[in-house]
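Chains: A, B, C and D, in written order; residue numbering restarts at 1 for each.
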Amino acid sequence: MKRLEVSLPGLKMKNPIMPASGCFGFGREYAGLYDLSVLGAAAIKAATVEARFGNPTPRVAETHSGMLNAIGLQNPGVDQIMEKELPFLKSYDLPIVANIAGSTEEDYCEVAEKMSSHPQVSVLELNISCPNVKEGGIQFGTDARTAAALTKRVKAVSSKPVYVKLSPNVANIAEMAIAVEEAGADGISMINTLLGMRIDLKTRKPILANKTGGLSGPAIKPVAIRMIHEVSQAVSIPIIGMGGVSCAEDVIEFMLAGASAVAVGTANFVDPFICPDIISQLPELLEKMNVSHIRELIGGSWRECEVPSLSR
Amino acid sequence: MKRLEVSLPGLKMKNPIMPASGCFGFGREYAGLYDLSVLGAAAIKAATVEARFGNPTPRVAETHSGMLNAIGLQNPGVDQIMEKELPFLKSYDLPIVANIAGSTEEDYCEVAEKMSSHPQVSVLELNISCPNVKEGGIQFGTDARTAAALTKRVKAVSSKPVYVKLSPNVANIAEMAIAVEEAGADGISMINTLLGMRIDLKTRKPILANKTGGLSGPAIKPVAIRMIHEVSQAVSIPIIGMGGVSCAEDVIEFMLAGASAVAVGTANFVDPFICPDIISQLPELLEKMNVSHIRELIGGSWRECEVPSLSR
Amino acid sequence: MKKELVEVVSQKEIARHIFELKVQGNVVNEMTSPGQFVHIRVTDTFQPLLRRPISICDVDLESRTLTMLYRKEGTGTALLSQKKEGEKIDLLGPLGNGFPLDELSQGQTALLVGGGIGVPPLYYLAKKLCSQGINVISVLGFQSGDDGFYSEKFAELGEAYVSTVDGSQGTKGFVTDVIKNKDLHYDLLYSCGPTVMLKALELQVPAANGFFSLEERMGCGIGACFACVCHVNGGLPSDYVKVCSDGPVFPIGEVVL
Amino acid sequence: MKKELVEVVSQKEIARHIFELKVQGNVVNEMTSPGQFVHIRVTDTFQPLLRRPISICDVDLESRTLTMLYRKEGTGTALLSQKKEGEKIDLLGPLGNGFPLDELSQGQTALLVGGGIGVPPLYYLAKKLCSQGINVISVLGFQSGDDGFYSEKFAELGEAYVSTVDGSQGTKGFVTDVIKNKDLHYDLLYSCGPTVMLKALELQVPAANGFFSLEERMGCGIGACFACVCHVNGGLPSDYVKVCSDGPVFPIGEVVL
């Protein structure tokens, strides 16, 4: 199984697969379905300083090959998460990516400082791209200077590597990535959801109580691939890629685009066993592609490299 | 059929449906399939000053509920279009939306001046959002000041109303819309395609020769709806809405979001009869929704208005 | 909880747009609690993307057969209605917590109130309660006679009343009208149906003891995505329950409707 | 050109991943020109979204039956391969321009060279030419014997040779090896297959007279989207032809391969 191992700052992963933040809760539910230790890592639901209920329901709506969500960062607050949720995951051999959010820089820093001090947390994922909250979230994620400033402050208080999670709702994603790299980010997570809406013909109002929501799932995969392809050539820190991944082939596509690890979000709802299934299918796929180690694929779509002629 | 009529600057339409630019060529092919006079209007393929071949092939790739294209504004040039293509459409009762593009402001102005002088052209659609060309296109479409400056110059030389076609690849679409409205735009067309990419696992390279392409089709509908909902509340000029429309219900959803007319793009490839089919289905749908005139729906998702209780 | 490709045993339209679907599989062995639901993937493409929650309506453990009743509404249920005998369906379940069965003793009376497509889970409940010697009174509300189903089946298990909005079957009006008009008495109330109906029930008998089964749009169906939360009566603003994993059945009054 | 829901008459796998699909419909009456293609919608959802271009392989005007041969490759053809007798398929066609049939007179010889899934349109062509009294020599190239199909059917119409890359059937090597080794002579060349094969043919007999059928990724399939263009030999850089509506058949040498 060594052939699937990948190493990113703060993350030594058995394989490049992790569930994406917000699609895995704090792991309890999936722990009832399979052994979490098979995962490369796991990103847990966003933590904020205070406990949050989030947005009113309905919070999800379906779209063509995708879904909208407007959860609104519901979570029991950073203290509860550290005390009540993380200990449950202790029995697994599972690096934890702690997703953090807030309304102000101070909020983010408080959560970052606390979370990064937790021995079970491997790295932080700075969520500057949640489209579903009025304050914080996406406003930090659409302006490069604001994002860089926040990254710098969070880095200063964090004792663990910091991955910045970028929003796709920008004109120039590379500019955002370069800004947070220069501000000290150890890695990049991308992409968060695209802002979207659906309207109900019967009520004539948006389906989501929050009106807009974040679009995720296979529908957004081409946008994710494009952005990762661009950003991986613009920065030298590694990328955790995500956005519509739903099979082993998608994982390869993301790594060829430039991702060093891959997160699976919405697909967990379609098939709760998707992560272990993908992990177990990867070796065979590598075999078929004549790839001895999955690392070789990273950035393969733009790196000059030999493609074994067998697999052309 | 009066119940489907809509009126926009320069466009008196029998119904709100038009094929979208680039998905209808110059009408010849569809004219072989149905009577083009049933259409509310038709947007023809982008015109540039010079004849263009566009990008190398492959130029299309399929995605989940969508497709990527990187045609690259292939067209025979504005003069040829006016001399050879437009006359063919003369026999139809069909307002023509002439999509115009260019690499420089001067190019745009030249095409705008010529095209708007053509008696068959009802309005111009200023394409500042083509993601598939190196110069022009999207660069004008992601910066509000540049877009406004171009709009002003084009308006100055154009003898017909000008609709500005916005790119969804921006952080703040309302800002773009307001900028072009202030610069004199008579209407807005939205959305053009989202920038995307797919990678071929066999060659390990992007499927499209141009690497990136524009994502269209049902996959992007929620993004289009969200943006139209936002922009229609931010400006007072009308919107031609598009992005994934593929059935009569979608048309209603776009109009409720705030569109005054609706363009159908990719769906023409899936079903070449989609435009006349939608048009013929609309009256029954309005009946079911208890709507006496389609105009009543425009902006219905955010306007305070009575929803007939029957249709709740 | 299991994920299994179960086999379609039969499918038929038993009322206007109402389908009765029977499937067979080992996972059915786990379906002992009425009020639980299953989460169904209706296609192997991503269109539609999400699973569809459908209640357990009846279970035959011996033949490992699950009966579901559903209304053909949108894309998902339309696709489901096309599944034919012998085809496989990807089913996840049983999910959530069902109706408690130990709150009544033999000889006591349960009132089961179902509205529209909220009726199905009550059937398995009625059977279970009957088998425990509990008297079951059922009140089923539909839009019209054409939309009604299973009333004879409920009648086999005890007193059963029907109300229809247009009066084409049973009492004209709502389930609350039946309860009032027939002056029904009971020890425990079980109900499933549209939120408006549950609210009306709460208003009619503010002190009623019993359980409501709720509906909410779902993502994961297993408690991981926070899509299906409700506020808790008398709790903090940040307190919540998840319909999918804490519910869908809750004690009356616990959850803000 | 028509859009019609045609009915599946039969579907069978005739070689490894190669399916023979027969459909029936009125639109078949228009399919008189070999080399034309149809554009097929394999699902009524949007997954996959685009139609799939498939060549006309054979036509029986009397029974209004169209035969197609296709290789199960990706999502679209996989779904197509699941269509069963009696099911309907949304078909648009016939599209494009086929092989000219009036370039040869009775007694002259046509060489038909097909590679892999380029073979199908040549079969209808061979039949048409034969019926006009033209001698047909066919050379069919496949990866291996397991991938080969229809060679006996071509043999019924004239001399027929097979080449396989692994030598498991016929000549080991490529179609060009057959033409050289057997020293084949002909008046006109018709070919359809991978671009590398067409290029090799062009190199082998630079002065060859005849027609190539090309493949390109398509959007609309009817000439409206500019997805499928090719450069024109000796034309301006902005000159082009569309494979879907100007082709797929072009005189050898006209188009930049």
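Assume a contact is a pair of C-beta atoms (placed from the backbone, for glycine too) under 8 Å apart; a residue touches a chain by one contact, two chains touch by 3 or more.
As the structure is a prediction and not an experimental result, all values here were calculated from the model.
Enquirer: Among the other chains, which touch chain A and chain B together?
Expert: Common contact partners of chain A and chain B, which must touch each of the two, are C, D.
Enquirer: Please tell me whether B-C or B-D has the greater number of C-beta pairs in contact.
Expert: When the contacts at B-C and B-D are counted, B-D has more.
Enquirer: Just grab the chain with the largest centre-to-centre distance to chain A, centres being mean Cα coordinates.
Expert: Checked the centroid distances; the maximum from chain A is D.
Enquirer: Could you give the separation in Å between the centres of chain B and chain C, each centre being the mean of its C-alpha atoms?
Expert: 46
Enquirer: Compute the distance, rounded to whole Å, between the mean C-alpha positions of chain A and chain C.
Expert: Each chain reduced to its C-alpha mean, chain A and chain C end up 36 Å apart.
Enquirer: Between chain C and chain D, tell me the centre distance in angstrom, where each centre is the average of that chain's C-alpha atoms.
Expert: Their C-alpha centroids are separated by 55 Å.
Enquirer: Which parts of chain C, given as residue numbers and ranges, touch two or more other chains?
Expert: Within chain C, the residues that touch at least two other chains are 46-47.
Enquirer: Residues touching two or more other chains, restricted to chain B: which are they?
Expert: 63-66, 217-218
Enquirer: Could you classify the connectivity of these chains, where an edge means two chains touch, as line, ring, star, complete or other?
Expert: Topology of the interface graph: complete, with all chain pairs in contact.
Enquirer: Flag every residue of chain B that touches chain A in the complex, lowest number first.
Expert: Interface residues on chain B, with respect to chain A: 63-66, 68, 142-143, 169-172, 194-199, 201-206, 211-212, 215, 217-223, 225-226, 229, 244, 249, 252-253, 256-257, 289, 297, 300-301, 307, 311-312.
Enquirer: Touching chain D in the complex: which residues of chain A?
Expert: My answer: residues 64-65.
Enquirer: Name, in rising order, each residue of chain D that touches chain C in their complex.
Expert: 43, 45-47
Enquirer: Provide the residue numbers of chain A that touch chain C in the complex, in ascending order.
Expert: Touch list, chain A to chain C: 22-25, 28-30, 32-33, 45, 50-54, 57-67, 69, 71, 74, 76-77, 217-218, 246, 266, 268-273.
Enquirer: Using the touch definition from the top, list the residues of chain C that touch chain A in their complex.
Expert: Within the complex, chain C contacts chain A at residues 1, 3, 41, 46-51, 90, 92, 216-231, 236-240, 245.
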